[in-house]
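A, B, C and D are the chain letters, set down in written order, and residue numbers restart from 1 in every chain.
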Amino acid sequence: MTLYIKLFAVAVQKAGTTNLEIDCPTPTTVGDLKQAVIAACPALSEITTHCRFAVDDEFATDTTIVTENSSLAIIPPVSGGA
Amino acid sequence: MIRITNDPIDNNAVLESVQNNRAGAVVLFLGTTRNVTGTRETDSLDYECFESMAIKQLEALEATARQRWDIIEITIVHRLGHLLPGEASVAIAVSSPHRVTAFECGQWLIDTLKQEVPIWKKENWSDGTQQWVHPGMED
Amino acid sequence: MIRITNDPIDNNAVLESVQNNRAGAVVLFLGTTRNVTGTRETDSLDYECFESMAIKQLEALEATARQRWDIIEITIVHRLGHLLPGEASVAIAVSSPHRVTAFECGQWLIDTLKQEVPIWKKENWSDGTQQWVHPGMED
Amino acid sequence: MTLYIKLFAVAVQKAGTTNLEIDCPTPTTVGDLKQAVIAACPALSEITTHCRFAVDDEFATDTTIVTENSSLAIIPPVSGGA
């Protein structure tokens, strides 16, 4: 399946895009997806350990299941609020 | 009231939205743009947001706060886009029968927003460089 | 800014008075009139004040707060006279580089004002009776 | 000397005046003044233990000196601020 991952802030800067396209076996987990992200876009490897992943607008863990319909995003450390 | 907006924050509208005859206390927090961080000078800031998730997280903050404290109304407004020093990026208002509750809840809301809500700011330094702010992440 | 006034409190003027480009946080506290205390209903309140001493005490609160915390601006406005439920009797605004400071200082100012500043309120209960409020003093 | 003491809130209610006039030896202390107040206006006796005295716009103690030029007030427990 093809997954689309929204990027923000420094992740956009590193990857040069706001939407990462990743090919994955279906279904997969967030843990596996992280590896696929780094493989597809090595520029993100230096920040992914500091980032959280979001699935369907919620923070996800490595075991969260990802399907073709999941809304996906990489969430760098946030800095809103002041 | 939860709102993400590109417009300047209307403080009076925020205060009115939490007004209630049962309230003995209103606490309003404004997060404003400093022109100096350490020794560096800020020309302006740009805020961006993962909006659908940010709204969901803010609603979750409100729900958790209402479980923890005796709150009447909560309003959280976050502004996006280009901000100058002195302008407010966030307004949090809480009304409660008692002041201790309003202070505690307001402080918890801003502390938790700063950790859990997907909004990011970019510093536009006075030397012409720009930098996304990601606490805990080295450049 | 320290002010005792018979007019309704202008929240925007209070917030503007503490605005500063070095501030990262503004905390505003409004003390508002509840229409219910326990099981009794309030029609209105009347505030009176020993003005010369109240001003002196408020100035002393500001001076002490500035010694304790890294504060940029402090504004305290107390309204006197006849107030209806929902109206604010007091506004305290604090601006500071950091939010924890602004919250702590704001809370200390209202806590201390309520103990040390010679202002009194009279409850005009809905049953037509009136009562000066003197915490710790039995009728 | 004649001293004038400002009254507020419930003290006005009890005494029926906003300004109490007391004759005292000169100079005196706040402690002695309290006794003179109760003697001159017995209606205030039930509240004076809950009240503070102010001399020249500052809270005073029983040993604070009072002269003819002192500005004096009885301060019942305060209730401003909300």
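Note that in this section a residue touches a chain if its C-beta (ideal position, glycine included) is under 8 Å from a C-beta of that chain, and two chains touch if they have at least 3 such contacts.
The structure presented is a predicted model; accordingly, all values stated were derived computationally and were not measured.
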Note: of the two pairs A-B and A-C, more contacts are counted for A-B
Measure off the straight-line distance from the CA centroid of subunit A to the CA centroid of subunit B, and report it in whole Å. 25
Round to the nearest whole Å and give the separation of the Cα centres of subunit A and subunit D. 72
Please tell me the distance, in whole Å, between the geometric centres of subunit A and subunit C computed from their C-alpha atoms. 48
At least two other chains touched by the same residue of subunit B: list those residues. 24-25, 31-33, 99, 110
Which subunit A residues sit where two or more other chains touch them? 82
Select the category (line, ring, star, complete, other) that matches the graph of chains linked by touching. other
Can you work out from the touch definition every pair of chains that touches here? A-B, A-C, B-C, B-D, C-D
Listed in rising order, subunit A residues that touch subunit C in their complex are 82
What residues on subunit D touch subunit C, complex-wise? 6, 8-10, 13, 47, 50, 54, 57-59, 71, 73, 75-82
Under the stated contact criterion, what part of subunit B meets subunit A in this complex? 31-33, 47-50, 52-54, 56, 78, 89-90, 110, 113-122, 132-137
Of all residues in subunit C, which touch subunit B in the complex? 11-12, 15, 19-36, 85-86, 88, 95, 97, 99-100, 102-103, 106-107, 110
Given the complex, residues on subunit C that touch subunit A span 24-25, 99
